[in-house]
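Okay, so chain A shows up in both of these, paired with chain B first and chain C after.
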Partner chain A sequence: MKDKYQKVAYYPGCALEGTGHAYNRSTKAVGRELGLDLVEVKNWNCCGAMEVKNIDPKLQTYLSSRVMSIAVNEMGFDTVMAPCNGCYHNLKKAEYDLATDEDSAAVVDRLSTKAGHATYQAGDIETIHALDWIMHSIGEDGIRDRLKNSLQGVKVANYYGCMYTRPRHIFPEKDQGNGSESTSEPHFMDDLLAAAGAEIVDYPLKTACCGGAHTLSDCDTSTKLVINLLRAAEAAGADVIATECPTCHSGLEMHQIRAEKRYDIKTSVKILYFTQLLGLALGLKPKKLGIHENISDAMEFVKERRLG
Partner chain B sequence: MPIHEKSLIRPENLQTHDELVLDGVDVSGHWSTFIQSRVVTDYNEALEDEIAGLPGGEYIHRCWQCGSCTNSCTVNAINPDFNPRFWIYLIRMGMEDELLRDKDIIWQCVSCNKCTYACPRDVVPEGVMKATAHWLELKGHRPKSPSILFDEVFSEQVFATGKIEEGRTLRGFFKRSGQPLMQDWLVEMVKRMIRHLPLKLLTAMGLANLVRPRTRGWGPARAAIEEYVHEQEAKQRQALGLDELVKAAERNVTARNIADAAE
Partner chain C sequence: MRPLAEIETGIAALAESADPVAAVGGLVALGEEVLEHWLAARGAVPTDAEREGFRLLALHRQGAKGDPSFNACRETCRELAYHYNLIALQPDHPDSGRRLAMASMVANHLFLFVSGKMQVAKLGEFCCSSRPLHAAAH
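So, the complex of A and B:
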């Protein structure tokens, strides 16, 4: 267990202030319940998501580096936690580019100097995902010890998406054996929710793509990809798809509705953030976890299964 | 069959004869389909350099055509014409006309990075797809795709305020791409949201529409970013020789005007 994750800098990102509001809420609530401290990065900016890199990849590197610079240079943290896959991915990518590419480092230095803040230096801070944060500070045993309302009987398909594991080279800590996270078969969410009592189904599409980058600009492609994800989860017997990314989560919710309206394909699998499921197992009330704020309505399901 | 010969067996290159005798031998029946021979003369020898001059295309020269990218591709699985390996081949061969046949689907890459994960040569095919999509638009082969319009609406917001507000991005995108905001599925989504979302959250969302979220002290960063963006645009124009193209076109017009006046 890593004690240093007990108190970390928190980078929620734009989505968690909008459609991913419930993820923000449930992450904070679970952290509080587990005795973990989150200190929000001051005056943070957008990481560039999936879009700015298509205008210029080095600008995306700068945007992410500014967040890391504030967390380390102005707030004195050595760890920053991002629950959003997009933010997490971009900070990791910036870390990799700054360590390996002189041109990127030069552009970031120039922009940082002009913008009036210290230039972020590769290696100064560690970026982690909400899954790393809970896995390494509390772990499976810690969850079992604190279990108040087991998820027993709830069948869960864990969906990790693209940005949490690909491309492999920006995640040097993964695929290292000894319980480290895997890029081909990620398992942290499986492990934590299994510790919370859930029945984990075998979900072959756990790192497939939801089309999130084109969720509005190429709707038909996104809907087709989401239909695959929803149907595969139902075929695996899942009641719930657990998510760990606001873009995947709202993509699944939106295109579940779009599949119904445009293609007459109805699926009933529920979509919940892993922090919401974990929070229920820790005995938190559904409203404290923002379950009533999801677009796809799972309140009835939660009541039916006596989860909260 | 070498991958570039795919184009030889397109329907328009096939010749069928019900009755045909060649060198005194009757080859009618199922032998009667022939592939027309062709000669390719219109190579664009600069094509690979042009793609490599755009962000993401830098490593295209490393490709050894193993096909891992296409094999792992998310979009290829739903549209077999979406073929990164084939396009990388065409670009490296300079077969611009062949590449242009697929100009309307290349932008559909969803950036899932499965290709980049699978590539044994670190070509970063995802980057090559973005560079190629960008190239098609810069060269005027097609109008801006919905994807780049979305990227632009999104990035402009980030550069201006440091943050985005999703409602504003959505409305801005639909406006710029000329789509109605009242799409059946969006209306249905909002209906379902209103049905159970707490009033407090709906009010907060409404407020975010009125008061743009912004990063405090963003001004200097904005100025630095905008300066950098202009520089990069100029560099890309240079890499593709766009300024020369425009000048040549202007010279042609001037020459024609002078000729017209002389007549």
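So, the complex of A and C:
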């Protein structure tokens, strides 16, 4: 276990203050329950997400580097945790760009000087995902030791989305054998939820695209992609799809509703953040985990299964 | 190459076939055709080579050259190859029908991803960046 993950800088990102509010709430609640400390990055900004990256990728690198600079230079952290796949991906990408591209480093230095903060230097901080944070600080045994309400009997399809492991070269710590995450067959969420008692089903679309980036430009394609994800999860026998990305999560929820309205295709699989499932297993109340704030109603399911 | 709409219908038709081995072979072939569309639209000649015994995987690799966001369907191709192996190597397995249904959903995802990506090609790359906007700005 990594003690250094006991207290980390926390970068929630924009989505977790909006549509991903329940992910924010459940991540913090689970952290508190596990005795882990999250200290929010002061005055954080957007990571550059897709919008800025579309126009100027180097500006995205700067925006992500500013978050890392504050965490390391102003707050003294050596680890920053980003639960959102987009933020996590972008901080990792900025780290890679700064280490390998002199032009990006020059742009970041120029903009940092202009903005009046220290320039982030590649390698000064480690960016981790919420899955890394819990897996490496608590681990599967730690979850088993703290179980108050096993997820036994709950069949879960774990959905990682496409940004958690791609592109592989920006995640050098993955694919390092035992104990590390895999880019082709990610398993940290499977392992943690299995430790919490859930039955994990084989889900061949666990890293497939959810159409999130497509939602505004071609909504029907997004809906069709999500229908396929939902149906595949149901065909695999899942009661619940566990997510670890606010964009994927809200996309699955919203297109599940849209699929019924537009195509008359109804699916009943529930969609919950992995932190919400873990929280239930740790004995936390559904409202503390924001389950009542999810778009698709899972409260009844939680009650039926006596999970909270 | 069949039109994309015909490929979509073909994938759905194979999902409930009474001959899972032939059907999953058909799904892999349709997956190859989807990738051929992607390559042809980009002016490339689809390869006849194979990777790990599958032309599907070679075509995906060819399609991702110069377009890293295309790797978002890499595992989908690999899952289709995996399901082909599952069914072809254990044709009498009691789960063959269920495996075929799952293989058709995997093939369908590949179809939806690639055809969606082709539809918005003029607007920019599907996932990560909008190259034309980007090029125009510089």
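Methods note: the second predicted complex is superposed on the first by the 308 of 308 C-alpha atoms of A that agree within 3 Å, B and C clash if a C-alpha of one lies under 4 Å from a C-alpha of the other, contacts with A are read in each partner's own complex, and residues count from 1 in each chain.
The criterion applied here is as follows: contacts are C-beta pairs under 8 Å (C-beta built on N, C-alpha and C of every residue); 3 or more make two chains touch, one makes a residue touch a chain.
What you are looking at is a predicted structure, and each value in this text was computed from that prediction instead of being measured.
For the composite obtained by overlaying on chain A, chain B and chain C cannot both be accommodated without a clash.
After overlaying the two complexes on the shared chain, residue contacts for A:M75 are found with neither chain B nor chain C.
Of the two partner chains placed by superposition, chain B and chain C are both touched by A:D56.
Using the contact criterion defined above for the overlaid structures, shared-chain residue A:L111 touches chain B, although it does not reach chain C.
In the superposed model, A:A235 makes contact with chain C only, not with chain B. Between chain B and chain C, more residues of chain A are touched by B. Shared-chain residue A:C209: touches chain B and chain C both. Look at A:R258: by the touch rule set out above, it reaches chain B but stays clear of chain C. Among the listed stretches 23-31, 59-67 or 95-103 of chain C, only 59-67 clashes with chain B once the two complexes are superposed. Shared interface residues of chain A (contacting chain B in one complex, chain C in the other): 50, 53-57, 162, 166-167, 208-209, 211, 213-214, 217-218, 221, 224-225. Interface of chain A with chain C (complex): residues 50, 53-57, 162, 166-167, 184, 204-209, 211, 213-214, 217-218, 221, 224-225, 228-229, 231-232, 235-236. Contacts from chain A toward chain B in the complex involve residues 14-15, 17-19, 21, 43-46, 48-59, 62-63, 66, 107, 110-111, 114-116, 162-163, 165-168, 183, 208-209, 211-214, 216-218, 221-222, 224-225, 253-254, 257-258, 260-262, 292-293, 295-297, 299.
Listing the residues of chain B that touch chain A in their complex gives 55-56, 74-75, 78, 108, 110-114, 116-117, 124, 127, 130, 134, 145-152, 154-155, 158, 162-167, 170, 173-174, 177, 184-185, 188-189, 192-193, 195-198, 201, 204-205, 208, 213, 215-218, 220-221, 223-225, 227-229, 232. Remark: chain C residues 68, 71-73, 75-76, 78-79, 82-83, 98, 101-102, 105-106, 108-109, 112-113, 115-116, 119-120, 123-124, 126-130, 133-134, 137 touch chain A in the complex.
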